[in-house]
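Take this structure, written in C-alpha cells, and hold onto it; I'll ask about it next.
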Amino acid sequence: MSTSPMNMTRQPALLGTSGIIFLAVLVAVSVLVPVLNLAVAPDSAVHVPTYVVSLLGKYLTYALLALSVDLIWGYVGILSLGQGAFFALGGYAMGMYLMRQIGTRGVYGDPVLPDFMVFLNWKELPWFWYGFDMFPFAALMVLLAPGLLALVFGWFAFRSRVTGVYLSIITQAMTFALLLAFFRNDMGFGGNNGLTDFKDILGFNIQADGTRLVLFVLSALALALGYVLCRFLVRSHFGKVLVAIRDAETRVRFTGYRAENYKLVAFVVSAMLAGIAGALYVPQVGIINPSEFSPANSIEIIVWVAVGGRGTLVGAALGAVLVNYAKTYFTSGILAPYWLFMLGGLFVAVTLFLPKGIVGTFYEWREKRRQHDDIPDEPLATPRPAE
Amino acid sequence: MTATATLAPATAELATAEPAPAAKKELTEALLYLDAVTVTFDGFRALNALSFTVDPGEMRAVIGPNGAGKTTMMDVITGKTRPDRGDVFFDGGITDLTKLDETQIATLGIGRKFQKPTVFENHTVLDNLRLALKGQRRALPNIFRRESAAARERIDEIFETIRLTEHRDRLGGALSHGQKQWLEIGMLLAQDPKLLLVDEPVAGMTDAETAQTAELLRAINANGHSVVVVEHDMTFVRDLGVRVMCLHEGSVLAEGTLDQVSANERVIEVYLGR
Amino acid sequence: MTSSARLSRLPRVLCAALALLFAAALVQRVEAQDISAALGQLTTNKYDDTEAALGALALSGSPAAAGIVSALADGKLFFGGTPPRVFIEGTGGALLDPLTMQPVADAPAVKPVRVNNRIRRAIDAASGALSLVSLDAAKRREAALAVGRSRDEAALPALEMALGKETDPKVKSAMNLARASILIGKEGITPAERIAAVELVGAEGNQDALAILRSVPESAAPEVKQAAAAAIEGIERNLALWGVAQNVWYGLSLGSVLLLAAIGLAITFGVMGVINMAHGEMVMLGAYTTYVVQEVIRTSYPGLFDASLLIAIPLAFVFTGLIGVLIERTVIRFLYGRALETLLATWGISLILQQAIRTIFGPTNREVGAPSWMSGSFEIGHLSITSGRLWIIVFALMVFFALLATLRLTRIGLEMRAVTQNRRMAASMGIRTNWVDAMTFGLGSGIAGMAGVALSQIDNVSPNLGQSYIIDSFLVVVFGGVGNLWGTLVGAMTLGVANKLLEPYAGAVLGKISLLVIVILFIQKRPRGLFALKGRSIEA
Amino acid sequence: MLEVQDINLFYGAAQALRGVSLKAEPGKVTCVLGRNGVGKTSLMRAIVGQAPVAKGSIRFNGEDITTLAPSERARRGIAFVPQGREIFPLLTVAENLETGFAPLKRAERFIPDDVFSLFPVLDSMMRRRGGDLSGGQQQQLAIGRALTMRPKVLVLDEPTEGIQPSIIKDIGNAIRYLRSKGDMAIVLVEQYFDFAKELADHFIVMERGAVVMSGDGAALEDPDVRNRIAV
Amino acid sequence: QETIKVGVLHSLSGTMAISETTLKDTVLFMVQEQNAAGGVLGKKLEAVVVDPASNWPLFAEKARELIAKEKVAVVFGCWTSVSRKSVLPVFKELNSILFYPVQYEGEESERNVFYTGAAPNQQAIPAVDYLMENEGVQRWVLAGTDYVYPRTTNKILEAYLKSKGVKEEDIMINYTPFGHSDWQTIVADIKKFGSAGKKTAVVSTINGDANVPFYKELGNQGIKATDIPVVAFSVGEEELAGIDTKPLVGHLAAWNYFQSVDVPENAEFIKKWQAYTKNDKRVTNDPMEATVIGFNMWVKAVEKAGTTDADAVIDALIGVTVPNLSGGFSAMMPNHHITKPVLIGEIKDDGQFDIVEQTPGLIVAEEWSPYLEGSKDLIADWRKPFSCGNFNVKTGKCGGAGQ
C-alpha cells in the first residue's frame, strides 16, 4: 500500500489564484479608469467617458451584493430571496443622508423637510429621520439597519429551524412586505418616487466627475475588502462549519455546533455587505425607490450568482457584472426589442452548458485536468482463478 | 471530558425535576438513566415504558428485532425525538436530557454514530474529522481558530485507526458505504464523548473488520468511555463480551450476558430464530 | 281587489287578454295627448331637452313611445333635416318615421340623439314606466324595480295606475315597494303615508333599502324620522352580521383564485421540486389561449360565445401542457437533483415566454369577454354572490379534486410520486422516468394553463399576468406545506379569507402587509407549513 | 443469462472498476466478495444501469444491454436491491411494493404471497410510510419490492445489512428457494462470509476495482479466499 | 449625411411596457413623418430607442447613455413620475431636454423638462366640476393606487371638494397596492358608501394593470354608470382595448384628447397612424397626443433657434404654439407646461369615448397647486432673466418656500 506522505497543514491560501487575479483586476480597474477618464483626451480611443465610470461603479456595487448572496447561498445553503431588502435598506440609509444634505436647495426650499414631506403637508421631520444629517450616523445606519433586520429575522427563523424553500419564501415575503410598506407615502420615505435629486455627499457635488471617480474607486475597494472578508470567513473553521450546515444541518447539531448561531453570523454579515453595496449604489445612480425591494430584484441577484458560479465568490462578482453588462448592452440598439430573449436564453444556456456557472465550471475543468487518480493505483495482483 | 464551561450553569438550572426516591440511588450513580420512556408515532408505540441505566465506564450491547425501537431509543437520548412520557437523565441525574436540544446534548459529551452513515459529503475526509474533533464549538471564536499540533496528531492517530489515510483528501461523499461507516466511527472518536451511542457499526463490514471494530470499541471503553452499541451481528456482540440487552416492541425483553440472553425462549422466538 | 286575486288564478290566456284590455284602456285615456312636442325636444341636441322629452314620452301613453325610448336606449334614434325631425334606424340602416315606423322617402343627413348618464337614467325611468303595462309579468316586475331604483316622482302616476290593475302578487309587491321608495322622499304626503312607506321599505332590509330610508327629507315629521331611524338601525345591525359572511365569501373567492394559481405549482414545485419561476407564464399562456379561442369564436362562430370558456379549458390544458413537456424535455430534465439551478433556467424561460407573448400579441391587454352565465350576480339572503366568482370556486375545487385523485389513485400518479422521491431507484423499478417526468411537468403546466382560463375572467390578459401571481403562488404552496396538496387547498383558502377579513380594518395595503407578516410568523411556529410532511425521512 | 465482460467504470477521473467480468446463470447464485471500497456496489450499479460503463459489455439473454436505460433493464427482468435501501420515503409500504408493477402485465399486477410469508412485518405495516420504517424493516421492504417485479435476475447488494438474525436465516432460505425454482439468476454482494459461503454457486473476489479470484462455491472453503477478504 | 438624433426612453418590457410601447411607436412615427417632410434644419432625424425595462435606475442609466454616448438632441420619454424623477438629475447635469407626455401630480417645474401631459388642474378638477354640475354628485370616493400621483391628486381634490362645501363624511379615500387584482371588498364598500341616499361618484386614480380587474368587478357587482359613475384619469382607449366595455358604458374619463374627437386634424392623424402601424384598429390616446404636441413643439423650436443646442432650444420653446389634435392650439408656457382643453368622455360599448363635455377654452397648467400648503405661493417662469422654477411670490425669492 503506497501511502503518499500527507501534508497535514494543507489549507487553501487566503487568496487562491483566482482570488489574486480578481483582486489584481480590481486594482487595475480602479487605477486605470480614473486615469483614462481624467488624463486622456475625450476623443481618444481609450478615453473612459464619465457615463461609463458610473456604469462600472454600479456594476461593482452589484458585484458586492452578489458576493453577499454567495456567502450565504453558496456556503450555507440559505437561498435568500430577500437580499434586495438589505441592499435597499443600506441604500435608503444613504439616501436619507443625501436628502438631508440638500438643505434649502429642494424645490420648496425647506431647510429641514425633504420635498416630498412638504407637499404631503408634513409639519416636522419624523423621528426616524433624526441624525441622518450626520454622515457618521448615516454610515452606521448603513450597517445597522440591514444588520438588525437580518439579526431579528434570522434569529427567529434559524432558531425555529426554518430551512430550505420555507426560508426562501419567507425572505421573499419579508422583502415584499417592505416593498408595500415603503410604497406607502405615510411611511415617510417618499413613497414610490423614493429619494432623489441629491446634491452633495460630504460636501462634494455628487455629479462632479471627481466625486464619481472617488465613489467608483470606493466601490472597487469595498468589493475587494468584501471579497477578502468572505474568503477569510469561508476558509476558516467557521466557514467549514457553514458548508457542513449546508450539506447536513442535523449532523452538525449532533456534532455539538449551534447551527443557528453560525447561520445567523453569516446572515448578518451578508446583510451588512448588501447594505454597504446599497449605500454605494445610491449616490452613483442618483435614486433609491421601493422597487429595489421588489422580489424580482432579489431573484435577479440569485441569477447573477448562479450565472457566475455559486460558491465561488469570484464567480458571483463576475456573474453580477456580466449579467448587468449584458442588460446594458442588450437594452440598447437594434437588439432592444429582443433583449429579454437574449437574457433569458443566456440563463438557460448557462444552466445547460455551464452547470456550475462560469467560474464553477472552469474550476471543475481545471480540477479534472490536474486530478490524479485518487482511487488506489493498480491492482496489486493480477486476477487468477482460485485453484 | 467535561461539558464546556458555558453550558454548566444552564444545565444545573435545568435539572430541577427530582427523580422518585426509589430510583434515586440508581439515578445518582448512573451515567445514563432512562425511566418509563414512551414514544408514539401516530398512535404506534415505538418505545413502551422503556427503562434502563448505563453506568459510567460501562459498555452495553443492545439487540432486538427490526423495529424494536433501538434507533428510536438513541433518538430520544440525543434529543432528536422527544418522548411522550418518561425521564431521561445524564451524568448522575444532573441533567434532564428531555429538556435539551441536540447541540446541548452533544456538548454534554454524548456522541452518536447513525445507522445510515452520515458524513459531510462536500468536505474532505480530513475536514470531516477536523469538524468532529473535540474543541471550540462557538461561532465567533471559530472564525479565528488555528489548528493546534495536538489536534493534528490526534487526527493522524484516528486516521491510523480507521485506515482511511490514503483517502484523506477525497470528499466524504465519494466514499463507499463501508468507508463512510469507518469515517463516521472516526468522527465519533474525534468528538471524544463521555458516552458513545453506536448504531450498527459493522453493517457492511467484512468479518475481519468486524473483529477490529469490536476491539476498537473495547479499547475505547477501557479508556473510561461508556458505550451503547446496537448490532445484529452476534459474532460481533460476542466479541464485545459485554452485558447485552434485548429490546422488543419498545421495552426490554431480556438482559444479561449474551449466553443468557440468547438462551431466552422469547429472544429466540422474536429475534434469533431457530 | 278580491276579484283580481281570483283572476290571478284564472288560466294564463285569460290573464293576458285582460292585461291587453287594461293596456288598451290606458292608451285610450291619453291618446289625446300629442307627442310631437316631445319629438321636437329630441332634435335640439341638448341633454336637458332630451330628458324633458323622455318624461313626456313616458306619460304620453302613445303606442309609439316605447319604441322611441328603446331606440334611444339602443342608440338608434337620430335627428336631422330642416326643420329637424326624429328618425328611428330600422334594420338594415333605413330611417323610419317614429310614429308610423314606415321608411321615410327623403331621408336627410342625420346625427344620433346623444345620451349620457343622466339621459340613461331618464330612459330607465321612462321605459320602466312604459313597461309597467307590459304583458310579460317578469318585465313588469323588472320595470317596477327599475322605477323603484330611479325613484323618479314623475313615474308615480303611471306606477299607481299600473298598481291598480296588477294581479300578479310578486309584481304587485315590487310595485308597492317602488311606490314606497318614491313616496319616502316625496314632498307633501302625510306622515302616516310616509311611515307606511318606511315600514314597507324597511322590511326589505338590504343595502338599497338603507339608501332609500336615508333619503327621508329633513322636513319630514319627527315620528317619520324616528321610524326611519329605527328601521335603519335594525337593518344595519342585521347587515353587519351578513357583512362578516360576505367577507368570508370574498375570502373564499380570493382563496379559490390563489388555489387555481398555486395548484399547478404544487405539482411542478411541490411534487417535483423544480423552483418553477415560469409557472406564472404558464398561467398567462392559458389566458392567451382563452383569448385566441374567443377571437376565433367571435369571427367565425359567434353563436358559440357562451361556450368559449368550456372550449378553452381543454385547449389551454393541452397547449400549456405541451409547452410544459417541451420545457421539461429540453431544459428541466438536465437539472434533476439540482433544484436551485432550476430557478435560473426557469427564470430565463419566463423572460423568454413573456417577451414572446409581447412580440406576438403586443404589450397591451387583450380583451377576454365573460359568457353570459358568468356575468351578473344574485343574492342569497343578503349575501351578494357574483356568478363569475361562484364558478371560479367550483372550477378550482374540481381541478383540485381531479388532481388529487390522479395523484392518489392512478398508476401514473404513483409513478410520479415515486420518480420525484427517488428518480434513480424508480428507474430501477422499471418506471420510465423520462416519460413520467415529462408528464408530471406537463400536468403541472397544463393545470396552470387551465387556471389561466379562469383568471382571464377577472384579471388583465397581458404579458405581465403571470408575474402578478407567482409570488402568491409560492406563498400558498409553502404556507400550506410543500408536497401536500391538501395543504395547498387549505393554505389558499386560509390566506384568502384572512386577507379579506383583514382588509376592512387595515385597508388593502396594510392588510396585505399584515398578512405577509403573519405568514412569516406562522412559519416560525410551523417551519414546514400548515400541513407539514412529518416522519423520519423528512427530519433526517 | 447475464454476462458482464471486461468492464471499466469511472467516477469523474477516478476509476472504480477495471476490466471486471462476471456471469450469472438461472438457478445459480453468484456471490461478489471483497473489502470496503473495492467496487462491489459499483459493479452492481453497472449491471442495473445506474452508472455508465466506460468499456466492456453487459449482455442479458444474448442482448447487449450495456447502454440501455435502467428502466429498460428493469423491464427486461433485472431487479435491484441497493445498498442503503433506497425506499421511497413518502410512499406507503403498499405503494412502495406497487412500484414494482411497472414491468408487469396488468394481470400480473399483484404482490406475490412470497413477499408476505417471507417478511410478515410488511403485511402489518402496509399503510405506514416507507421512510418511517426501521432500518431493518426498510431492508425487508427493499427485497420485497424487488420480488414484486418477478425478476429474472435479482441483484442484491448486501441484503442482510441491518437485518435481525432470524430474518437473515429466512432470507437465506428464500434465496435458496428462488434458486431452486431454477428460472432466476441471483447476484449477491455479501460481506457476511458464512452467509455467502452457504449460498454461493459461483463467486468472485474483488480488490481495488478488479477481480482477483473467482470460482465455484465450493472453492470458498479455501482459506486463501478468507485471507483475501481479511485486512 | 449627418443626422439629428432623437432619444426614445420608454419601457418596452416589464410592467410599464403595456403603456409606454405605444409612445415609442408614436415617436418613431413622428420621426418618419418629419423626415418625409424634409427633416429638421435640413438634416434627417434619427431615433435612438433604448429599453429602460420599467426599472427606475435603468432609466437613469439609459438617459445618461442617450445624452452622453449617443449625443441625442432631445429625449422623449418616461411615463411614471418615479422614472421622471430618476432621470431628472441626469438631464440637469448633462443639460439636455426631456419631453414628458403623461398627466402627473404637478409640483415640479424644471428647466430641462417640458411637460406636455396634464397637471392636476388640467384634468382632475374639471372632471369633478362636471360631475357636480351634470350628475349632481354630492358624495365622493377617491380611489387610487398608493403612490405619489394619486396621493397628490387626491389631496388636491379633497381640498377642492371641501372648498366647494363637501363634508368630510362625504369623501371616502381608498388606496390599493400596485397591480391590485382582488377588488371585491372595495367595490362592495363603494356600493355601500354610495347607498347613503346621496348621489355618489368614484374618482379613480387607479393605475395601469389594476384597472381591468377593477372594472370587471364593477361590472360583476352590477354597478352601473347610472348608479355610481366612475371617472378615471388613467384609463384611455389603450386600456379599454383590454376590457369588454359593455357593462361599463357611461363611466367616464377626463383627458385632454380622445380618439373620438371629431375634427379633421384628428381624423387625418388617426388615418396616418393606422397606416403607419398597418393596423386599422390601432387606437390613439391622450399621452400619444401629448407626445405629438411635444415633438412638434421641439421641431418648431429647433427651427426657430436654428440649432439643436439645448440652451437655445430650451429658450426657444417657450411660447411655441402648435396645433393639438382636438382642433385647437397648445402653447408652451413659461412654466414648461402647455395649455390644454379638458374633455370629459363617457365610455361607449365599442371602447371609445363619447365626449360629453369640453372646456370652452384652453386651460393653463398650475404646476404648483394652490390647494397645497407648501406650493400655493410658488410659480415657475423660465423666461430669462427670471428663469426660476419655484419662485415664491411671498418672499420674492427663487428657491421655494424657504425663509
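For reference, chains read A, B, C, D and E in written order, and residue numbers begin at 1 within each chain.
By definition in this document, contacts are C-beta pairs under 8 Å (C-beta built on N, C-alpha and C of every residue); 3 or more make two chains touch, one makes a residue touch a chain.
What you see is a predicted model, and the numbers here were worked out from it, not measured in a lab.
Undergrad: Identify the chain pair with more contacting C-beta pairs: A-B or A-E.
TA: Answer to which pair has more contacts is A-E.
Undergrad: Nearest chain to the global Cα centroid?
TA: Per-chain C-alpha centroids compared to the overall one single out A.
Undergrad: Between chain A and chain E, tell me the centre distance in angstrom, where each centre is the average of that chain's C-alpha atoms.
TA: 37
Undergrad: Between chain A and chain D, what is the separation of their C-alpha centroids in Å?
TA: 50
Undergrad: Can you check how far apart chain B and chain E are, centre to centre, with Cα atoms defining each centre and the answer in Å?
TA: 74
Undergrad: Show the residues in chain A shared as contacts by 2 or more other chains, in ascending order.
TA: 180, 183-184, 250, 337, 340, 374, 376
Undergrad: Specify, in ascending order, the residues of chain E that touch 2 or more different other chains.
TA: Residues 12-13, 146, 175, 177 of chain E touch two or more partner chains.
Undergrad: Could you pull out the residues of chain B that touch at least 2 other chains?
TA: Expected reply: 41, 80, 116, 174.
Undergrad: For the complex, which residues does chain E have touching chain C?
TA: 12-15, 17-18, 21-22, 134-135, 146, 174-177, 179-182, 184-186, 188-189, 191-192, 194-197, 209, 212-213, 216-217, 219-222, 225-227, 229, 238-239, 241-244, 247, 250, 346, 354, 356
Undergrad: Using the touch definition up top, name the residues of chain A that touch chain B in the complex.
TA: Residue list for chain A touching chain B: 1, 3-4, 6, 8-10, 232-233, 236-238, 240-241, 243-244, 246-248, 250-259, 261-262, 264-265, 374, 376.
Undergrad: Can you list the chain B residues touching chain D in their complex?
TA: Answer in residue numbers: 41, 44, 64-68, 70-71, 115-116, 163, 174-179, 181-182, 200, 203-209, 212, 232-234, 270-274.
Undergrad: If you look only at chain B, which of its residues touch chain A in the complex?
TA: Listed in rising order, the residues of chain B that touch chain A are 78, 80, 101-103, 106-107, 111-112, 118-123, 127, 130-132, 136-140, 142-145, 147, 152, 155-156, 165-170, 174, 187, 191.
Undergrad: So in the complex, which bits of chain D are touching chain C?
TA: Residues of chain D touching chain C: 48-50, 69-71, 73-75, 79-80, 82, 86, 88-91, 95, 98-103, 129-132, 145, 149.
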